[in-house]
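In order of appearance the chains are A, B, C and D, and numbering begins at 1 in each one.
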Amino acid sequence: MISAAIVGGTGYTGIELIRLLSAHPEVSIDLLTSRSEAGIRADEIFPSLRGISDIVFSDLGQDTLAALQKCDVVFFATPHGVAMQQAEALTEAGVKVIDLAADFRLQSLVEFEKWYNQTHACPELLKSAVYGLPEINRDKLANAMVVGNPGCYPTTAILGLKPIISLQNNKSERLIESRIIIDAKSGVSGAGRQASLALNYAETTDNFKAYGVTGHRHLPEIEQGVEQLLASQFSQRIRFLPHLVPMIRGMLSSIHLELTEAGTAIDWQHEFETNYASEAFIDVLPAGSYPDTRSVRASNRLRIGIYQNNERRELTVLVVQDNLVKGAAGQAVQNLNVMFGFDEKLGLNAAPIVP
Amino acid sequence: MISAAIVGGTGYTGIELIRLLSAHPEVSIDLLTSRSEAGIRADEIFPSLRGISDIVFSDLGQDTLAALQKCDVVFFATPHGVAMQQAEALTEAGVKVIDLAADFRLQSLVEFEKWYNQTHACPELLKSAVYGLPEINRDKLANAMVVGNPGCYPTTAILGLKPIISLQNNKSERLIESRIIIDAKSGVSGAGRQASLALNYAETTDNFKAYGVTGHRHLPEIEQGVEQLLASQFSQRIRFLPHLVPMIRGMLSSIHLELTEAGTAIDWQHEFETNYASEAFIDVLPAGSYPDTRSVRASNRLRIGIYQNNERRELTVLVVQDNLVKGAAGQAVQNLNVMFGFDEKLGLNAAPIVP
Amino acid sequence: MISAAIVGGTGYTGIELIRLLSAHPEVSIDLLTSRSEAGIRADEIFPSLRGISDIVFSDLGQDTLAALQKCDVVFFATPHGVAMQQAEALTEAGVKVIDLAADFRLQSLVEFEKWYNQTHACPELLKSAVYGLPEINRDKLANAMVVGNPGCYPTTAILGLKPIISLQNNKSERLIESRIIIDAKSGVSGAGRQASLALNYAETTDNFKAYGVTGHRHLPEIEQGVEQLLASQFSQRIRFLPHLVPMIRGMLSSIHLELTEAGTAIDWQHEFETNYASEAFIDVLPAGSYPDTRSVRASNRLRIGIYQNNERRELTVLVVQDNLVKGAAGQAVQNLNVMFGFDEKLGLNAAPIVP
Amino acid sequence: MISAAIVGGTGYTGIELIRLLSAHPEVSIDLLTSRSEAGIRADEIFPSLRGISDIVFSDLGQDTLAALQKCDVVFFATPHGVAMQQAEALTEAGVKVIDLAADFRLQSLVEFEKWYNQTHACPELLKSAVYGLPEINRDKLANAMVVGNPGCYPTTAILGLKPIISLQNNKSERLIESRIIIDAKSGVSGAGRQASLALNYAETTDNFKAYGVTGHRHLPEIEQGVEQLLASQFSQRIRFLPHLVPMIRGMLSSIHLELTEAGTAIDWQHEFETNYASEAFIDVLPAGSYPDTRSVRASNRLRIGIYQNNERRELTVLVVQDNLVKGAAGQAVQNLNVMFGFDEKLGLNAAPIVP
């Protein structure tokens, strides 16, 4: 049994972490901190937790760090910029850190500061931080002290491209043309638990729109994923356009690729199935079927559909996940499992909720 | 052509007024005031108005009153307590006032102050103000200078009870027992256009709840409607419970009544049809059919279903309306039509939007 | 480990049973029958089950009964009228039966035949069948061979009334007046998994309506619950009006009661808390808070809010549940746990899904 | 006043036509035919029409054609393949035909038969039929006897590309690279008014998915639009992927284009504004703002947002419309206005419904 703390935890990522960790047989949530909600039981804010967890939000003031240092692992379910303030003191005390915000996602200080408008507080630690995508970084995660939990969109994009870029890296020529279009769609919970006119029910329901055309923070993270994580030998130009779907949870990324002549010779359905054969949470659907977001609702599974049209040189990859689970809290728990040597599926076995 | 001003107008009631008045052949919106949005075109805030209205929000400061005094009618689409500050200066200048908030709904100062936590600014004017329910107050409205536009729930409740109380008033004995249960359900737009965690899409979708069990401001308004407007000769005890439905527009009030022996002798379907035979906006459905909220979406119609079960002594009245139209802006325009002697349907002919 | 079969299982109740039983540590789903889907894997119809269950729908024709007779328990997730055809042969073979349809809910043959338009196939067995509401019938369930799993609405109604009727039964006078109004609201999944124009997305979304005013099959079941199950010493007249809410899962019943003078002397909040103190799945909310349906989404919990207004003699009880879990499949699993002597919470511990 | 008939009319396109034509000052709906609903008032099926239209569905059997021949114009709101059976007899009688299905959309018999699996009944008439996109074919429509009303997706695609292809046609070199990605999203009403499990509320809500990856009937129509209607001098390869959004009405097409060096020299915002300056129903949004589907709800407007990124050579065009209005019935009325010489906006002035 390991001792975990959650810093923050009043957002959707936070409640999802509490929900998942409460059912984890090897984790005890011993500390839940929040300045604004100190003294209040979590189940007062989230009545769904009544009978599930007795934990109380606390604010220990100057003693907070000392209390966190007694835990085995600290999750940061906070705004960007919080985890990096405390990560060094924690890791020096031997505590592992999993940040669900963006402090440890981008390896490039320049990119981080450009997109997040702040100076990084611990650039040295950033170098040793591991990008928390177990399907790619499993080995590094096993020994990581600091993990940057991926953004939701990048998780779908990078895992949707992995088998393609990996295979291409083994070839002497391109299998896909340079440009990759990622047309992505997310449920509203991805925007967080906040009072916001733009997120008001009457503003978002029966409505659909794009956003971030001129630049979204997840674009450099996807580019980093393709260049560094997947180490693409050929340059790939990524185009990323997110949309807001009137649904609570769920994310679908439609990846449009153009096959080269060589690329048409590949059986991509087979390639994806092979590449992900041993992954517990990656489900490559049978040819001809479509992934829908509800098929992963409240679960850590990510499903992929592959559609190859050699005549038109089109390869389409559709990726779905629950943005709050595989796209956030579930992936954080999966990372924890790898970091502490547990079975990767521990606490993440629950079936999706349909309907 | 009459000259109209809208004070406020950045909320859902405001945009609905702009939408309806823009299509009204006898009204010109000449002034639209807002402190927070001064200088901004209405269609910047509500792009749906692009090509429909060129009007700009203005804040004339100390000159506002003078400008309003040049109009024929001023609508207040403001929070409670604003209209009563300006109503006297306007009526003295001969300007008619239609308040879509609560300042002129409750005739009792005591009740007003109890439920709205403020002192009434113009109690004298309140005495001559007319409750803006044309189906009951048509004659008074014709000469009214100040109109209190009814609350959305009271509109359904009072119109749902009118034929019953009216008939009972003509009898020597009760037709319904004392207790009337109004179990009401409203779409989310009724809570207004505001940044609010409780109204966040992810909080309200796929969710249903009651609120205001211990007291809702519309209860005294419904009670006043039964006692004064309908002048019930027998005392009726009203119970009112509102609920929040995950839909944008629409309101359904389920009115549960218990018939007396005498009440079972009445053909209530016939009674409702007769009572409302000449009303353009009140639609009594054929026996056996159910009103649903979408059947009045974006329209000023209010539909009523009657279900009589003599064996169980039950009379159920189901009333639907669009809370933003017959429950707010549409009724305000209907009041304007009566106040200025126009055909009551002018500008309110549009068909509901289905699906 | 017990061996379970599910007859039917292509509906929402069926997939929910598969989801819950797949996570149950003491149950193995060994047989899943369906004539229409024979030979097809369950996860082809419900891709959410991919990686969760490998089970295949089968149709054994004449051998079906023999195969079912080898199980320990058979769930019927079928239309009304199927379970009663096979129940005798199963119980004679020592197999326990849990029917999620209505065959064993109504004890009165007359009522059954009136409301379900069919002759009961095994009236003798019906006499010994137990109504599967563990919070009331726990003892009888422990030895039951045939269980009629309650309807969704009756579950909320009966459990919402239990502490009141129980206390009243201990008194010499009424605590509540005769008439009880149950104004109930259900999500659309309650109508089942079917092709239906009335259930088409574009017909039900952004829409709200009542149905069944003139008679709903759950009314006699609620009446039976009050008269027989709760054994009310005073007659109570039940009025029941269901509504359709544009949400997938969830049910809220608003129970309107009128307190007698004696009834106002009771602290009903305390009474409910005491009555349900030892129940794992019944959660009486703290005074002043409201239950919303999402707080029980995908869980077997049922939450109750109590609102007492002595001045107006009003007692309001609000009950929420997930209609597919506590209102159907979850309750069936809870019944199984009682029938087989397992911890009642086994397999039913999962936290609700919020947001 | 012209006399119109609607054949079919029990679907969403049909009710939308009835709604729009009922408010059209120059059109009288004199005949509404349906075999299945003959004898039934339209407002029995669509109660929203109560008080709006008294029309009754009729089935005149062998006399139907003669009755249709007495009208000035006949709308076919029928499945594919119906209009072409009657078009010749109608045009020979001098009656104009507007088909809202696909019989007269594709000029190529080969393509028609490939995608719609039927032989065309009147290939000669097809040659003279006009594709009903007034913004491109206004002149031809003025004299057209048969109009093929465009598909919903093609309307957004072709109008979203028109200014680009038009400008490119005036240049000696490409402005955009060959490949055009149209990632489109539609509300559920686009699938029609039908009983269908896949369209059941509980199946589609809180869910998102793609469909038609391997081929959708609107692809050849879009290709025809680019090649013939816009007469692109350079070949453009179109890729089209539709998705289903959990909303009733609304369609957004995200068009991803890659600019050539020459293309980056163009100010595309200006180009679109200029190109559409005189169009009543095409609204090019100011730079930097996003179109959302609700901003055109229930209206014939189509709004376009332009996003140019020269550094990345990206041009993104976002197009929204109401799939039932500009994407179907509204465009049909617009076509009627052009065909009969009315002001193009007649009957189509209503403001969108927001919220």
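Simple rule for what comes next: a residue touches a chain if its C-beta (ideal position, glycine included) is under 8 Å from a C-beta of that chain, and two chains touch if they have at least 3 such contacts.
Source: prediction; values computed, not measured.
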- Message: Looking only at C-beta pairs that count as contacts, which pair of chains has more of them, B-D or C-D?
- Response: B-D
- Message: Among the chains here, which has the CA centroid at the largest distance from chain B's centroid?
- Response: A
- Message: From the mean C-alpha coordinate of chain A to that of chain D, what's the distance rounded to whole Å?
- Response: 39
- Between chain B and chain D, what is the gap in Å from one C-alpha centre to the other? 37
- Query: Distance from the CA centroid of chain C to that of chain D, rounded to the nearest Å?
  - Reply: 47
- Query: Can you list the residues of chain C that touch 2 or more other chains?
  - Reply: 12, 187, 189, 193, 202-203, 205-206, 246-249, 291-292, 294, 297, 355
- Note on the structure: chain B contacts chain C in the complex at 179, 181, 183, 185, 187, 202-203, 205-211, 213-214, 237, 239, 241, 243, 245-250, 252, 254, 256, 258, 288, 290-294, 297, 305, 307, 309, 312, 314, 316, 318, 320, 355
- Item | chain A-facing residues of chain C, complex | 12, 15, 19, 22-23, 46-53, 189, 193, 205-206, 248-249, 280, 283, 285, 289, 291-292, 294-299, 301, 303, 324, 349-355
- Message: Give the list of chain B residues in touch with chain A in this complex.
- Response: 12, 187-189, 193-197, 199-206, 246-248
